[in-house]
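The same chain A turns up in both complexes below, where it pairs with chain B and then with chain C.
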Partner chain A sequence: MNTPDAAVAFACLTAGGLYGLLGSMAFLRRQSLRGDVLAHGAWPGVLLAFALTGQRSPAILGLGALVSALGMNYLISFLERQFPRLKGDAAPALLLSGSFAVASVIWSLMQMHTEGLGQAGLKSFLLGQAASVQWQDTWSLILVFALATLSVLFFWRDLPGVLFDRDQAIIQGRPVKMIEWLLELLLAIAVVTGLTIVGVVVLSALFVAIPLAVRPFTHRFGPFLLASTLLGTMIGMATPWIVISLESGFGNSGRGIPTGPIFVLAASLLAFTSLLVAHFFARKSPKELPTP
Partner chain B sequence: MNEPRQKEAKKTKSVVRLEDVTVAYGDRPALWDIDLDIPAGSLTAVVGPNGAGKTTLMKTMLGLLKPATGRVEILGLPVRDARGKVAFVPQRGAVDWDFPATVADIALMGTHAGLPWWKPLGVNEKGRAKLALDQVGLTSLSHRPLNQLSGGQQQRAFLARALAQNAPLLVLDEPFQGIDALTEKTMLALFQDLKAEGRSLIVVHHDLHTVRDLFDHCVLLNVRVVASGPTKTTLTDQNLRSTYGPRLGLDVARTSESPQSVQLRDS
Partner chain C sequence: MTIFAGLLEVTLIGSLAALACSLVGPVLLLRKRVLLGDAVSHSLLAGIGVAYLIHPVLDSPWLRVGAAVSGCLAAWSASQLTQVLRGRADAALGLVFPFFFSIGALILALAASDSHLDVDQVLSGNLEASWLERTRLMDIDFGPTASWNLGLAVIVIATLGWLGRRDLQLHLFDPQQGQVLGRPMWLVEILVVLSATTVIVLAFDAMGPILVVTLLAGPGICAWLITKRLPTFFLASVIAGQISVVTGVGMAGTLDLNLAGSIGLMAVTLAAAVLAFAPYYGIFPKLISAKQARTRFVARLLLVHVRQHEIKGDHSIENSLESLCTHLGLSSKDVLSGANWLTTRYFAEWNAQNLATTQAGINLAKLVVEGAEIGHFNQLFQTQRPASLM
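Coming up: the complex of A and B.
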């Protein structure tokens, strides 16, 4: 049986852990949609960086992606501040489809001018193609994961307070702005670093599916974060194996199956199962404990 | 020589001081030209109809909303410098109760105020949280997850968090919503104890009967400050009429003198 490349395997499991960790906090802040905006917002940046420089180096494309993702992230806050009418998910929804529309136009224009040059490579950003991952991508993912873990440990005591009740944390004089800014920056960097594995289209489902799968089984912040990270790692570990066995199962050696959808399907299946199990257990045991 | 010091002393005697404060949401003013001086060590009730700007007033005092004009001083300090010295009990709808934490975790969050972020919670903090849970009667539920609490228990968890903060000023936005009469009585007694310790409390409250009996200071608010001062001279029929409007005001005023308490609840 075929085995996945070591670089690919490590990249996938690190990405899974990273999305589990950061996704769980975005989930608690009810900002899962922000991850979607970051991912979709990165897409025009990737294309523009390629169009302007003509190079496909991960550093240049990554920089383009990061700048445009952070730009979209800032635009959400800006729009919500300027137009209070844009409530809830209105501004993120507008920006995520808006940036995808912009990217599609750029994509078509590029196709007219460059005759398919290098587009095969760029296409892997859309749905993720782990097979194109190289060791340097893997190392950057490991670095980002280490940074995220350190930041979480750094602000460990204040994190739950800021995520649970932002106003209260401000009143208590906690470093709320700094923590929120750090979480958003980490999320943007994580999204951009993982683009080649999961792709811009389906990435944000991970931010919801992984924390959703563990939420029914833990009632504390620490275990919730840890379980979400571990589950993400496990899904990431399984993904390249699933992709390879599917490919060989269908007699396709040409690396045809995108990694992103497999990643998301595995996570969503687990989340669905976990909700079912939780529901089943909730039926069996009385939900309300006796009040003393 | 002596004058500035006297001025200083006078300043610190008031726990909250607002001068010409106006707060607006868009074009609509929520608070108009507020002048307020709440003495230290008082138990103050903030009273007014729906949409009078009571929550806005709380948020402005706490520095969560920036006034369009005017000055706010808390404990003799600008709002920013008073952070960590004020404890706040919000309405319980303000947060998502599906957060993965227990009652004890919430009480512990109160002790974070004023603690450097790198310092781990010590015996002192845990002791304060424990005492606070005991004061609101939640000790037996301290390990219960938040999403399994009733409304009244959530409200008490918030109260415990504020008590654990050990702040000289407590601000409470409708702390008795969803709380049964007996617990409300215990809480009111607790407020008296806190006041006896020299702390100041500002409470948005609707029950004019208890305001009359237990609060020594009150603020009648309807976008403007209608009246503010010692309860005896402030909570008059005429002031209530100007706060709630002529017809409703009369009802409130009449019933509030009868032994039955009047409840005017928000939403």
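Coming up: the complex of A and C.
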């Protein structure tokens, strides 16, 4: 089990479960694109941390990314509070693309002042480097997954109130603010952890596709969360297997099949299929009420 | 000479791209679908990949056609999915764009890994080199192809928008009303999405996918906060786009930065400045007007309180600063600012240690207490805000 392939497999599995769990809550809060936005927002933080310290250690880069992502999260809610007309799309779009512009300017400054800085980066940022995943990456993902699961279980009674009827939960005296902060912090930590391991596109795809695949088939909170976590893990388990069988099918002509796109395609095809099935089997008219 | 001409042409291409984006951006912003731009620009990769599979030449126009087709396909499927998901546009976009992007990335990784076409290259737009591709007709150089494409797109889009300006307005503000009136809202929808995709495909070569979104959102948000009519909205957006291109090229030239990045940075900086300082809606003007409203409220309170004690006759002890503070439960800073408001307008004056009303102040206090003429009252005390766009 010490081969890198096992590390990749476990990373995929954990990532699927983690983003399935957090994505389903983000879906219920109507923030499905938040993962994408936070991931782009983390990029300037990574570059700044690297530029200031000159080290490539994951802890420092991750800290920079986390600070930057949390700042992005705060800025979005600040802008939406101050400017009601920017609600919905405008504030995330501005901040997403703006942080990317900042990042590319910082990047060109760094290229000027630092010797031997390669052009690597953008692709691994977008699609991750699943091939070079080490055990420590996998362990950090597992740690975040455990953290997320524990905090969801800890606030299990209060979560539906916060997600479905915020005002009612506030009236009942539930710790709404704290749970929202916790969810946002978990989201940021998960995005930052997954950024270098699975990449932005995979991350935002899992965020949306897994809850969407489950949503038509359950109307209850607990089963929804559980099913999307399990489905995420299952897709994560299937992905390396698909990659390996595709590679053997293609006769392994020297080109490795990238794991990231396969992961995304598996998850989103499943979501499309489940939406189609749900659409096909949907009751056209509401069930007739039994006459007393 | 060549470098100077190159810089001029690069500025031309950049400003045409910004012009096109800032014409389309407001339309997307008002319908709350700017992130459609992000999704479409990521989805182009699938079309590029498929076009490369069919016709493996790097600089063929077919790549651009493929990109446009896949962009339109992504926009269409996102809108269909939004209907299936009952209006969850965020989820629809989040499902569609990684799907298309991954198809493209997979094809490029499998089929084109030995050529120079790469995800990196496609995704980091190269404005610096965009002028190198020339349009030649019978051996005469007619300038960079990108500027011709963008210029044509701008002319077509502006003409379409002008011809359909009434329907565009309906589309933006009240699509249901448009349907009731029997206007072809579906056509407007299709044209908007088509022109957005065209602009994104053309500007994408130069700016890269994410900075296209900056140019869509930044100038539009600037314009949204400072205008309240549609024509001035578009005008302000275009001006903001041009300002950010010119300052961005200037900054990139002096500091030797990434050109597209610094244009995007300038667009965001401009938007941030407008968000901070726009009259009525900006953060600082709102803070200032809230403070002024507080001062006016305290002044009103003071005036009535002081006048009441004058009528009672205990004004010589009750109207000093200390007792006003304790009785009204306000800090001396608040009371002083309110008293200052009154004294500068000659509604009251400091008489020894006491605040005393003047004749105008007596009249105003009467008005405040009677309070019947709310409209008159509002005219006196409240700033008039313009009705908002939307």
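For the reader, a short list of remarks on this structure follows.
Keep this in mind: the second predicted complex is superposed on the first by the 243 of 292 C-alpha atoms of A that agree within 3 Å, B and C clash if a C-alpha of one lies under 4 Å from a C-alpha of the other, contacts with A are read in each partner's own complex, and residues count from 1 in each chain.
Please note the rule applied: a residue touches a chain if its C-beta (ideal position, glycine included) is under 8 Å from a C-beta of that chain, and two chains touch if they have at least 3 such contacts.
Treat the numbers as computed from the prediction; the structure is a model and nothing was measured.
Contacts of A:V105 after superposition on the shared chain: chain C is touched, whereas chain B is not.
Using the contact criterion defined above for the overlaid structures, shared-chain residue A:P258 touches chain C, although it does not reach chain B. Using the contact criterion defined above for the overlaid structures, shared-chain residue A:L153 touches neither chain B nor chain C, since it reaches no partner. Applying the stated contact rule after C-alpha superposition, one finds that A:R30 touches each of chain B and chain C. By the touch criterion defined above, A:A90 lies against chain C but remains apart from chain B after alignment on the C-alpha atoms of chain A.
Once chain A of one complex is fitted onto chain A of the other, the partner contacts of A:F164 are limited to chain B, with no touch recorded for chain C. When the two complexes are overlaid on their common chain A, residue A:S204 makes contact with chain C while staying clear of chain B. Once the two structures are superposed, chain B and chain C can be ranked by residues of chain A touched, with C on top. Comparing the two interfaces of chain A, the one with chain B and the one with chain C have residues 30 in common.
Within the complex formed with chain A, the chain C residues making contact are 29, 32-35, 37-38, 42, 81, 84-85, 88-91, 93-95, 98-99, 101-103, 105-106, 109-110, 113, 118-120, 123-124, 210-211, 213-214, 216-218, 220-221, 224-225, 255-258, 260-265, 267-268, 271, 275, 281, 283, 286, 388-390. Of all residues in chain A, only 27, 30-33, 36, 40, 79, 82-83, 85-90, 92-94, 96-98, 100-105, 107-109, 112, 119, 122-123, 126-127, 201-202, 204-205, 207-209, 211-212, 255, 257-258, 260-262, 264-265, 268-269, 271-272, 275, 279 touch chain C in the complex they form. If you check the complex, the residues on chain A that touch chain B are 28, 30, 84, 155, 157-158, 160-161, 163-165, 167-175, 215, 218-221, 223-224, 287-289, 291-292.
Across the interface of their complex, chain A is touched by residues 26, 59, 62-64, 83-84, 86-88, 90, 94-96, 99-102, 105-106, 109-110, 112-114, 117, 119-121, 140-141, 144-148, 150, 161, 165 of chain B.
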